[in-house]
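In what comes next, chain A is part of two complexes: it sits with chain B in the first one and with chain C in the second one.
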Partner chain A sequence: MANWTELLELPVYQLNKADKKALFSTELFKLSQHHYQSCLAYRRIIDAVEPRFFFKENQPPIALAANIFKHHFLSSVEQQNIAKITTSSGTTSAQVSKIALDKENIARQQRVLTKIIKQWLGKKRLPMLIIDHPNVIKDKRSYSARGVGIQGLSLFGYHHTYALNEDMSINEDAITEFFSRYQNEKVFIFGFTFMVWQYFVKALQNLARSYPFKQGILLHSGGWKKLQQQAVSNDIFKQQTKQVLGNIHIHNFYGMVEQTGTVYVECEQGHLHCPVWSDIQIINVANMQELPKGERGVIQVNSLLPTSYPGHAIITEDIGILLGEDDCQCGRKGKYFSVLGRIEQAQVRGCSDTQN
Partner chain B sequence: MTAIEKLKSAFVTALEISEQEVNDSLSYSEHPAWDSTAHMILIAQLEADFDVMIDIDDIIDMSSFNQAKATLLKYDENLSFE
Partner chain C sequence: MTHKINLTELNWRFPLISEKQHIADIDSETLLAPFAQQLLDTLSELGRYLIRNSEKDANIVALGFWLRKSNLARIAKQYAGQERTAKGIVFHIAPGNVDTLFFYSLVVALFAGNISILRLSSQTSVIADKLIYLLNQFVGSNNAFYFLQDYIKIVQYQKNDQVTQQLSKLADARVIWGSNNTISSISAIPAKADAVDVCFPDRYSVAVIQLETTQQVIEAVNGLLSDTKAFYQQACSSPKVIYWLNTAQNLQQQFWEMLSAKLLAISDEMPLNESEYIAKTLYWQQVGILSERPVAAEVKNQMLTLIAVEEISREIVDAHCGIWCFLDMQLMSIAQLDVLEHCQTIACFGVDENVLNSKVANTEITAKRVVSLGQSLVFSHIWDGIDLIDMLTIREK
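Take a look at the complex of A and B:
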């Protein structure tokens, strides 16, 4: 198994293509071996799909479709070692993804997330405004994707303030208090994209209210489907959000509950960046071949984190495009890409779409 | 109130457990009440009671009652949990 003490010390965005490939091919292969040995269901899949998979060293992993976690409970650890099961939101479908996590895997997700987010927020904890209502993290036994996101990011903040009431109305008193206290300091604002737009930006516009923070960072995530339906682009989102929150930095990030921890944060150029511990490929689903830069395809995410469930290589339900590798103008190394939307007819499953 | 009493009291309040359960073998995720949500409540409680601001890495590393003592000592060397 991987030496995580060493892996965690790697710089988040500095490995070039050759170095990353060398690291990834061996570590992902080790993970394939681990899950093959530890998860019977995974072994059956590999045996059925590619019986000669392990004949050759460092084969790229066979990716599982994301929705397999909706229909099968795949675990690579003993039942009694499962510490938490995280679920996707599953709005339109009764089926939710269930991800089995042991303590080691949970800790690793948190550590990796911390390394990545520090790159954007800095090392110090900041006053934190959460664009959600506090009850979203009340159910301790089983977190929704929204709960996981808020939980995972809350340690970057202090004086956590929830901007919404349980009925999704604006909690003006709470926001006003937060603003009067921290308007001149660097603040951290977090929310799911659709919630930020619908229940915060739009709501504040309707109330003709704004809170022009002097400095701060808004991180948001969770799918654009509902915003695309309203013809809201990333540019419009940024522009109108700044109208109510002042001249803050706004970064979208892409990630999924099946690979919690490794998030892909949008840089100043508007590009999503792979951190050192995960990677993406754009796949032509007609033949499952990898597509070159600039071509639309389905996003496959590969991550070194999953050890307690076989989720190290997953075909998502998202369409994306690889924009380049190692040469983004922001200076970060690694692949950078855009997410264009959901696969047609894919069930709505995005984190932010859980509120109807 | 001594520092150790204050620390125990913070754990009792934040984790909603009895004082008997707050001892040197108490550790994160071993006790059902000390999960990730309770952890952030505990951090806020410790910060308020001991008037410190705990770093992100120390929050992650604070995985036991004993570790909490060590962490707080790092921030306030005048403390004593003897």
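Take a look at the complex of A and C:
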């Protein structure tokens, strides 16, 4: 298994293509071996399709369809060692993914997230405004994706202030108090993209209110689907958010509950960057082959983090495009890409439900 | 709590006449005699009209062909000498998406002399829309067909228990297609006191194939293709499991290679989207997890996935996504064949149908019917073992 003391020392955005490839091919293969030995369900999947998978050294992993975590509970640790199960509510399905985490994975996710986020926020904790309501993190045993996100990022802030009330209305008193205290300092603002837009930016515009912070960083995540329906692009989002929050830095990031920790943050050029511990591939799902730079396809995410569940290679339901590797103008190494949206839903043709 | 919904304000798709005539004047006094000459003539005319205007849509052609006079007469003959009257008003709750099944449900009820109200879900397919369009055109084409407007009412609405409740109150019979959940939730809504519910829950189907010669391969491939093509293998009667009866490995291989090539050849006309490709991947991965016995999954190409298994369970069948994923099992003898309780159709090739029929008749296996490979999607008025004509008529003593 990987030496995490060393892995965590790696610079977040400095490994070039050759070095990263060397690292990933051996480490992902070790992870495949580990999960094969530790997770019966994973072993059955590999045996079903590639019984001689381990005959060849450093074979790329067989990626699991993300939805498998909605239908089956896949764990590579003993039941008593599962410390937390995180869940995600898919936007399109009532079923949720269940991800088994042991203490080691929880700690690792947090450490990796810290390394990545510090690249963008700096080393110091900042006063933090959360564009959500406080009850979203109440149930400590079973976090929702939103809860996981807020909980994970709260560590980078202090004086956590929730900008919304439970009914999603805006909590003007709280924001005003936060603003009057920190308007000249560097602040950290976090929220889910749609909520930031709908319940914060739009709400403030309706109230004709603005809080022009002198400096600060907004990190936001969670998908553009609803915003695309309203024809809100990233540019519009940035521009109008700046109108209510001042000239702050705004960074979208991409990530998923199946691989918590390794988030892909948008740089100054508007490109999402792979951190050293994870990587993406763009896949043509008709034949499961990797697509070259510039071609649209399904995003596969590979991460070195998951040891408690076999989630080191996952076919997502997102469409993306690889923009390049090692040569982004921002100077960061590694692959950079953009997310174009969700895959189109499957057509239903069977004798299935009449209930819609 | 219930408030009455003005039914005339719903989206009535047929007939397209002034709204007041739709539901208010449904009148069960005007029932027709089952198999009346007028019905036989009109339905067979409708069949011809559908074929003429099908634009080569195979599903519409099949429907038109089913409505041919000889087939209708053959059905009527099965009830000859029995004194039957129509049940009354039949409320059909159609499957969301098997594009033509609702139409069969309608025409059988009509042929039995009934008045039908058909509910379509909020989303209809292109074929369903086209069928409704053609029905409207057909009725307008000749005065002699106008009477259909009194016997068929098609309404489209999003799931709404109150509407279903009000329509159910009118019903002497309900024909309910759908999942077990749908059926139980609709059955819980009361209909008329002596109404019957005819339910068609989720089913799955299988094929038993025995090949001895290379010549047979192509015939069997074409059979399986026509059983799976129309609804991308997602209809309940499309085979999902292929049982190979004493068939040499090289013939099986030839079979799959040929099917694989034929599917690839139609991949342009029947394109799959990214969700569907991922669904296929998810499915073989799920079968791997769900089976206690060894599984061998082989993705032949973008269209065809083969999953050799040694056991079939309800979970494995329920997870099936259609789109040409075949579960593949080997049989040494027909005696080894066993199917799950909710099996509908056994399609067979190179196998003595009588042997299978008697196994079904003796309830050694629970399937509802045995057909030749290639005939799985052919509708029958006896569906899932339920005689629709019998259910939708009253037999006089």
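The definition used in the following text is that the second predicted complex is superposed on the first by the 342 of 356 C-alpha atoms of A that agree within 3 Å, B and C clash if a C-alpha of one lies under 4 Å from a C-alpha of the other, contacts with A are read in each partner's own complex, and residues count from 1 in each chain.
Just so we're on the same page, contacts are C-beta pairs under 8 Å (C-beta built on N, C-alpha and C of every residue); 3 or more make two chains touch, one makes a residue touch a chain.
In this text, all values refer to a predicted model and were calculated from it rather than measured experimentally.
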Contacts of A:Ile319 with chain B and chain C, given as first, second, both or neither: second
Contacts of A:Asn81 with chain B and chain C, given as first, second, both or neither: neither
A:Lys123 touches, of chain B and chain C: first, second, both or neither? first
Which superposed partner A:His72 touches (first chain B, second chain C, both, neither): second
Partner chain in contact with A:Val285 - chain B first, chain C second, else both or neither: second
Chain A residues touched - chain C or chain B, whichever exceeds: C
Touching partner for A:Gln240 - first (chain B), second (chain C), both, neither: neither
First, second, both or neither for A:Val49, with chain B first and chain C second: second
Shared chain A contacts, counted only where both chain B and chain C touch the same residue: none
Chain B partner contacts - residues on chain A that touch it in the complex: 83, 103, 106-107, 110-111, 114, 118, 123, 125, 137, 140, 151, 154-156, 158, 160
Contact set on chain A toward chain C in their complex: 41, 44-45, 47-49, 51, 64-65, 67-68, 71-72, 285-288, 298, 315, 317, 319, 343-356
Touching residues on chain B, where the partner in the complex is chain A: 29, 35-38, 40, 43-44, 47, 53, 55-57, 59-60
Touching residues (chain side chain C, partner chain A) in the complex: 93-99, 101, 119, 121-123, 125, 158-159, 176-179, 181-182, 185, 200, 202-203, 231-232, 234-236, 272-279, 281-282, 284-289, 291, 294-299, 301-302, 307, 319, 321-322
